[in-house]
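Dumping the structure here so I can ask a few things about it.
Chain nomenclature is as follows: A, B and C, assigned in order of appearance, with residue numbering initiated at 1 for each chain independently.
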Amino acid sequence: MIADRLLGLVFLAVALAAGLSVWNLVVPFAADPLGPRPFPLTIALIMGLCGLLLLWRPVHRFDPPERWAGPPLLVAALLVYAMLMVPAGFMPATAITAAAVALLFGARLLQAAATGLVTAVLLWALFDRLLDLPLPKGILPL
Amino acid sequence: MLRRTLLATPALLAAPTVLSRPALSQGFTPQNPECIAPAAPGGGFDLTCRLTARMLQETNIVPVPIRTQNMPGGIGAVAINHINAQRPRDPNVIVAFSTGSWLNMAQGRFGRFAENDVRWIGSIGADYGVIAVRADSPFRTLSDLMEAFRQNIHAVAIGGSGAVGSQDWTKIALLVRAAGQDPRRMRYVPFEGGGQAMANLLGGHVQVFPGDASEVGGQLDAGQIRLLAVLSAQRLPGRFASIPTAREQGVEVEWPIVRGFYGPPQMPDAAYNYWVDVLRRLHAHPAWPEQRDAQGLFEFNMVGEEFAALARRRVAEYRQLAREVGLIQVAQ
Amino acid sequence: MIETLSALGGGFAVALQPQNLLLAFIGSVLGTAVGVLPGLGPLNAIALLLPFCLALRLPPESALIMLAAVYYGAGYGGRITAILLNMPGEPAAVLTTLDGYPLAKAGRGGAALMLTGIGSFLGATLSVIALTFLSVPLAQVAVAFSPADYVALIAFALSLLGAIGGPSAPKAWAAGCLGIALSLVGIDSGTGVERFTLGSFELLGGIDFTVLAIGLFAIGEILLLIETRVRAAVEAMHGGQRLTLREVLFCLPTMLRATGIGFTVGVLPGAGASVAAALSYTAEKRLNERNGSFGRGDLRGVAAPETADNAAQIGSLVPMLSLGIPGSGTTAVLLGALLMFNITPGPLLFEQRPEVAWGLIASMYIGNLMLLLLNLPLVGIFARLLMVPPWVLYPGVLALSFAGVYAVSNSAFDLLLAIGFGVMGWIFRKLQVPLVPIVLGFVLGRLLEDNLRRALSLSDGDPAALFASPVSVVLWFLTAAAILWPFLALRRAGPPR
């Protein structure tokens, strides 16, 4: 119940922020009768009302995760992936991340390493070589 | 069908052997050169890169393959930021641009980067703006339309591709200004792409479509639309030969949609001269006109400093217009 | 009629040449393969294979036949990930995940894929027949559809969304609003001002659909799975891997209705396949509300959007072929390809280059059959993908998603955005906030605002223009009925127990 209340609060806050940002738009000139404000304001209003409804009448109980560590670790791995992509290159970044995610899904060390390596090489070959969509080379001398 | 294939093949295969010397290197040879297309695969810039790169390699003007890298974010802003922040000296990268990029620079949409933060290499060709109306429109000449603008600017519904401040909008804004009217008062209806604008013109929902020559050919041939003017300096060839320019009708408005490439801001001179030379040789190649037509482009050959001067002049003009109509704050 | 048939015969003579048959086959295989990749849809597939096509120096009709095969092949490829991995590659496939993924989790992914193939084939083939005989009058209807009519059409589609909201109305509505707000990020086309960009130039051009979908669906789903450390994506492949004839017949009325809706909407240049898929799914759900099985793995929930999507794809070729107007981003690229072969797309195409126009149409009859025959035997293999251990499958899926997003955007920003949407998707799942309204709001929101403002601009601010045409009146009437239906149905059913 508390989770739904929080959610309602978040929706309300997002609606307020969105509404304010649209309200404060500087419009150079009225190119059309409606302008850029009314539509998003209406949307923000509906979202805000829904947030209030949730605050007032929460519905669901929140199921706590079975393993608290899993999701944050996965998100961390993905963030590292995004940051490493350019400096380290696609293949190293992919190998590391895929191996880490494999470990999170319960792979043994060797299995994870193999998954990382195979994923990285296969995807690079697919995108960079076959489809001719260049991926960052990074530290590898390719 | 078989004959056409046979005829086409030798022409294209023979061409490279005639002119197979790579561009004069002047101490520079490209290594793993890249063409950045500020669009997703399939966008306009993407084709500029992919088709031109293919042509450059086939004709051996550039002896190594040029790879296309897509960088679609922020209507081109991501590409110019990338090139300034990550590789300002890189001699092996060129970026595709069009007149639309000049407008974005003029309106300050590329963050702090603008026309002086790149090295303008040159153009590969240009499309031209046209003013289209439906075949049964009461506007028979550009003067009719200009007269209508003078009478009541707000009464004419104009449908174009893209936002206020975009190319289609700017074309018509220039006309409106030439008619002595305020572009802010015109009734411009933005559509998602020229196809939708054309559909609304044919459906009679809008009266005028300031499109591009390359996108109206089919409807023109079928007699469904009439072109009041082409926005070029001289008349265009082919099916457009009978369409007068705006200038012929006493309206000093031109709108070439130039496509070409720029390099990073501190590209070494040797590399810059190399790429300028590449474009010059491309323009001179016998197989190029056909390839250029296939991209929907007319001849517009300009490279090097002459081209850089044009780019700066145009951006300055567009900035002036954007200020006048309040698209950017004067303080900027 | 006779003329059309003989012209079509001429088209078949072109399309049945061994070279063109082979190209249609290669095109569907390559298209399917690229379409499977997350982040790459039909538009990208065509663009990537276009230089290859040019390098082969094919005559225009052959090249076009191949590119068209890539087009529908890629559409089909996108379904495989939508059903098996809950990863929609394009907006229209979002609806397919609703029932397709539950079916896959229940071990019936193969059956769902097979039904997708049959639905696509049926929708596409019936639509090609309609295209063959009706394209000229239909094209006139397409251009007559005004911005005001689009407003009514989109309002109708949105009004049906109540049907897929899930248990909590405020959550569904808030989610839909969130999706609409996300669609408004970027430069406003009416005035050129920036909305919701938070001062970031990366957001000027708006948020890319694939980034949103990969975040919400792929990353969000995997975050949920890692909580439980799943042992296998699917415990076992149930015997019902094959689709029975009975099941196909059961879905037949749905598919026929979806073809009608899909083709009609697809013909309109400003609506597109996602509107078609949404309309047809929600309409079916409304019609079959009684058993409440939609959203939990109802075969009809897969058949409806799939059939409608393919019908709409063919429908969008109507304005392209008979008017030279691209009805979607993908047809715009096809038109560009025509130009490259020195063919001017336009109303005269059928007269000037009949071998191209009719060859293409005839090839679509053949190509769709080919796609069906190609995919049915492969369905079992695809479905077995889920038997791969999770520690291979999910790292692979994540890396594939990232590679797909990065390869077409070259922007780490998009990756971070996708991760952000992934976390949002995970939290929303935990809190039972439905995700589909977000995506549909994202697809329809901007369309609604743009058309509303266009309509009001054309009428000089007079709202009466929104109800001016007969079409719009009918659509508004349907909208009102869709909104009021739950209340009326409730009353008829008596007080709740």
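Definition applied: contacts are C-beta pairs under 8 Å (C-beta built on N, C-alpha and C of every residue); 3 or more make two chains touch, one makes a residue touch a chain.
These numbers were taken from a predicted model, which means no experiment stands behind them.
The chain pair with the larger count of C-beta pairs in contact, out of A-B and B-C, is B-C. When chain centres are taken as C-alpha averages, the shortest distance to the whole-protein C-alpha average belongs to C. As a whole-number value, the distance joining the C-alpha centres of chain A and chain C reads 23 Å.
As a whole-number value, the distance joining the C-alpha centres of chain A and chain B reads 35 Å.
Rounded to whole angstrom units, the spacing between the C-alpha centres of chain B and chain C is 31. Touching of two or more other chains is recorded for residues 26, 28-29, 31-32, 132-134 of chain A. Of all residues in chain B, those that touch two or more other chains are 41, 69-70, 164, 188-189, 327.
Looking at chain C, one finds that residues 48, 188, 190-192, 407-408, 454, 457, 460 touch two or more other chains.
For chain C in complex with chain A, the residues that touch the partner chain are 34, 37, 48, 167-168, 170-171, 173-174, 177-178, 180-181, 184, 188, 190-193, 195-196, 219, 222-223, 226-231, 389-392, 394-396, 398-400, 402-404, 406-408, 412, 415-416, 419, 422-423, 426, 430-433, 445, 448-449, 452-454, 456-457, 460-461.
Across the complex, chain B meets chain A through its residues 34, 41, 67-70, 164, 184, 188-189, 325-327, 329. Against chain C, in their complex, chain B makes its touches with residues 1, 4-5, 8-9, 12, 40-43, 46-47, 50-51, 54, 69-75, 77-78, 81-82, 107, 109-111, 154, 157, 162-166, 187-193, 195-196, 198-200, 202-203, 205-206, 214, 217-222, 224, 293-296, 327. Listed in rising order, the residues of chain A touching chain C in the complex are 3-4, 7-8, 11, 14-15, 18, 21-22, 25-36, 39-40, 43-44, 46-47, 50-51, 53-54, 59-60, 62-63, 65-67, 70-71, 74-75, 78-79, 81-83, 85-86, 90, 94, 97-99, 101-107, 111-112, 115-116, 119-120, 123, 126-127, 131-135. For chain C in complex with chain B, the residues that touch the partner chain are 40, 43-44, 46-48, 50-51, 54-55, 57-59, 61, 142-147, 187-192, 201-205, 208, 269-270, 319, 323-327, 329-330, 332-333, 335-336, 339-342, 344-349, 355, 407-411, 413-414, 450, 454, 457-458, 460.
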